[in-house]
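Every chain is named by a letter (A, B and C) in the order it is written, and numbering of its residues begins at 1.
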Amino acid sequence: MTMQLDSKIPAGPLADKWTKYKSTIPLVAPNNKPRIEVLVIGTGLAGAAAAATMAEAGYKVKAFCFQDSPRRAHSIAAQGGINAAKNYQNDGDSVYRLFYDTIKGGDYRSREANVHRLAEVSTSIIDQCVAQGVPFARDYGGLLTNRSFGGVQVRRTFYARGQTGQQLLLGAYSALSRQVGKGAVEMFNRHEMLDVVKIDGVARGIIARNLITGELERHFGHAVVLATGGYGNVFYLSTNAMGSNVTAAWKAHKKGAFFGNPCYTQIHPTCIPVSGDHQSKLTLMSESLRNDGRVWVPKKIEDRLKDPLTLSEDERDYYLERRYPAFGNLVPRDVASRAAKVACDEGRSVNKTGLAVYLDFKDAIARDGKDAIEARYGNLFEMYQRITDENPYERPMRIFPAVHYTMGGLWVDYDLGTSVPGLYAAGEANFSDHGANRLGASALMQGLADGYFVLPYTIGKYLSTQIRQPAISTDHPAFAKAEKEVEDRLNRLANSSGTKTVDEFHKRLGKIMWDNCGMSRNAEGLTQAIADIQDLQKEFWANVRVPGGTKEFNPELEKAGRVADFLELGELMCRDALNRNESCGGHFREEYRTPEGEALRNDEDYTYVAAWEYAGENQEPILNKEPLEFENVELKTRSYK
Amino acid sequence: MKLNLKIWRQKGPKSEGKIVDYTVDHVDEDMSFLEMLDVLNQDLIVKGEDPVAFDHDCREGICGMCSMVINGRPHGPWERTTTCQLHMRAFKDGETVFIEPFRANAFPVLKDLAVDRSSFDRIIQAGGYISVNTGNAVDANSIPIDKETADTAFDAATCIGCGACVAACKNASAMLFTSAKVAHLNMLPQGEPERAKRTVQMVAQMDKEGFGACTNTGACEAECPKGISITNIARMNREYFKATITGSK
Amino acid sequence: MSLSGLFLCTFLITHMAGNMQLLINDGGLAFNQYAYDMTHSPIIKTVSYLLYFSILLHAVQGLVLAYANRGARKSRYASGNKSSSFASRNMGILGSILLLFIVVHMKSFWFEMHWGTIGNDANGMRDLYSVVVAAFSQWWYVLFYIVSLAALAFHLLHGVQSAFQTVGVNHSKYTPIIKAVGSIFAIAVPALFAIQPLYILFKTLQ
């Protein structure tokens, strides 16, 4: 049953592929563009950038977001920065080096051609953002400055204090707003996409729910772009926003879009530890903190709860510096997270829950002064103090890894097209560029690369075939059928007369996922988790309680629909993790590790993208493989020692 | 810790609302304010009652979605803190806490504590941007911007668009929000060409949305969770005078 | 609002300074001479029309603004917000008190000076001084003055610095100075004004 996937990578030398491709793909003439309608779901970096850029090009665009404004998409919360191969620091950076670092950082599980394209357009992103008025950090000469990030030995990260995501999103939002103001984009705030409408096997529109009135709406598009972010909230606790969800991507998956590498999850090493059962989300402390903070735990278990200020240097184990001297505290995220887990598993955690290590700024403050540290990280320190009631200028921060980003997502080809014609995926919603582990400051880069510089070109290739396709009336039976299905499902949720709240199920799913499909996984746990999740799915539909009706503003109903989808996704993630009998990047299988405990890849059998195909309700999903070919980079064991 | 809550309940935009009393037990001081409301809502759902609707998303103080006025103050008692970052250690056992929506004609209540702030979007759509199509940009380092200007523009740009300024202002004025965006863009060389047009159009849209006029009470600045300064308002006033005096229309 | 307000501030200074002649112990000769000059100089007359216009403009603008701003929030908060100063929140009420004061004040003196039946002083000038003394010998009239001047103080406390903010003068270096000078002005001018009726009242009580 499995099929070979066509990634549509253009021929030719790696460095020329994109340039040549761009100059040879078919175009849509300016007079035809206004007749072509594109629906963009999600208005984060990728969605807002794509919607704005396509509208600038002349297409008729409709954009949708579930938040009350496109400016609130969760891209806004990214803190540290955005990578670009500008080499402004004259430290040997280049497009090739950014490409290489990203391939290596992703543990050789991403596509060379995609990653090279990403590195190529990275420089244009910075230019574009500065032109929009994004206030990146500058030095006294008025030029842009950079910081370093994990897994990299050059300074290529552009940043705007600890609020880079906010500033970039506001840039993309302003570009989008400009087009809305001009009437080129029609914006639908507080709308959630609940299904893709397919006609003759091609994506032709969506069913969206107006979250204020609860009314279902039909929207036609010659193409549909999903820029709906990641699915980290399947773990219940994550650094994602409360509303971040997989629903749009999952509906697309059920309509035929393959899901790529769902098990690749990034666990971010520096988050504020869980404080109690009431916890609704976890807060990230930017990776940039590891530029100056030193990670440690006490050497002796009995010292773990002692006042850290009383422990001498001899009594501390700066375990990242000890284990990875070449990169020290700036090892990639997956490595840092696992090392923290190892230290805590050894019993050396530094809080009562057993889940925390120190991130200490004592030496940085002594070296650069408190003012310098405050200028760099002031807002993060403030946030830490607000949440924990501890002063990080005086005491080391307590941190622990938390789910942060999902490298997996809808499978897309080089054009960012999914396996459903006319359906595209951009940003975190697709699986494409980060392999098994994403480097810090690369999510913003990928989101904006897709949105500004890749998708608006590649989608043109498809849309050029659509110029004779008139708009299809939303009275078409396919729309009616899809709407009916959505309505039935909503009614089923709203009419459920169970006793347990949606959150209760979500928490239970999160625990199964974290325990079995989190920082480390094994076959036994994953098998059990699949069975447990299937039970939980049944229990959910039998026993969930959703207050209120479908035709009203009903946040619990929204949440119920999302959790129902997470329950199905969670099962697929476990299946994918179980299938991948190797350790790579964020996917760490306990059975596959080196004697020193490092991840052990199996390049011979697993150098492929697992693209899962939905086979129907209660059917096992079908695994399709896209082999990854490395023509330019030699596969090596990743070492940061 | 136990709290007595007095929460504004309103079924829909056109319904009458009223304050309803609730009690929550077992409030942990490490909880955020929204987590306390989560606890209340879980109780209400189990009891078969309608949970309290409120807007929230990132819960780390940056998306600007959480709103609500707590004991008369937008985002509650802590300075420079959004509701989602407000923690329960700010309250005492047995305290009575009023929770109301942001109130302004330009922010109609949708349900309970959730309001419609799309008027802010329309102000940005009127001119809160620099007109540069994708691909038109010059090299990022071709225009140096002195650090002080860049930093001041940044300070204005950190506005999260939550609307606390409007909620706090006795006139429900949106001057702080509008001026922050005007100041951010007008200060930068990239924003120079559209300076006058931007200012005039954004102010016109702001007035059209039904926000009140600024009387410089400074409540907006005091309640802004990001510490946006009213210096921006003075700057916008300057820009506005200049634009209307020298403008062609 | 701001421009008319600032103009009225300059008037306050001259009016206050001129009225200080009430304190000269000459039976009102200097004051009456001053009152005569004020009502007969063509320059002063021109300026005074500008003044009447400014007062009316400032009052009308203020009332319209207060009404419109109140209308920008139809539903009120159940819990109060105190994150701004008393004066800044009550400019409309304070201004209304001042408007009432101006009407009474002008009836008592300005109207009398122009059209009232007033005797002459030793120099043959219309004896406005006696009218003033008669008025300020009544404690309730003085009390009304003091209350109004207190309202003026609060009005200015917010108004002066607010006017600068409105015309766009806000600078990290100069605004603290503007605020300090504004506050001194807001307290000193009404205080000096207040001395006049109090002085006369205490003198007549002796």
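Going forward, contacts are C-beta pairs under 8 Å (C-beta built on N, C-alpha and C of every residue); 3 or more make two chains touch, one makes a residue touch a chain.
Being a predicted model, the structure only gives us computed values, none of them experimental.
Listing every chain that touches chain B and chain C alike gives an empty result. Ranking all chains by how far their C-alpha centres lie from the centre of chain B, first place goes to C. With centres set at the average Cα position, the gap from chain B to chain C is 38 Å.
Between chain A and chain C, the centres computed from C-alpha atoms are 64 Å apart.
Averaged C-alpha coordinates give centres for chain A and chain B that are 27 Å from one another. Residues 49, 52-53, 56, 67-74, 76-77, 86, 88, 124, 126-133, 135-144, 160-161, 163, 165-167, 170, 173-175, 177-178, 180-181, 187, 189, 212, 239, 241-243, 275-276, 278-281, 283-284, 382-383, 386-387, 389, 452-453, 456, 499, 501, 503-504, 545, 547-548, 552-553, 555-556 of chain A are the ones that touch chain B when the two sit in their complex. On chain B, the positions that touch chain A within their shared complex are 12, 28, 30-32, 34-35, 38-39, 42, 44-46, 48-51, 53, 55-65, 78, 80-81, 85, 87, 89, 110-111, 114, 116-118, 120-121, 124-141, 143-147, 150-151, 153-154, 157-158, 160-161, 184-185, 188, 190-191. Taken together, the chain B residues at the contact with chain C in this complex read 6, 8, 17, 19, 69, 71-73, 98, 100, 103-106, 109, 168, 170-173, 210-219, 222-223, 230-231, 233-235, 237-239, 241.
In the complex of the two chains, the chain C residues touching chain B come out as 65, 68-85, 88-89, 91, 158, 161-162, 165-172, 175.
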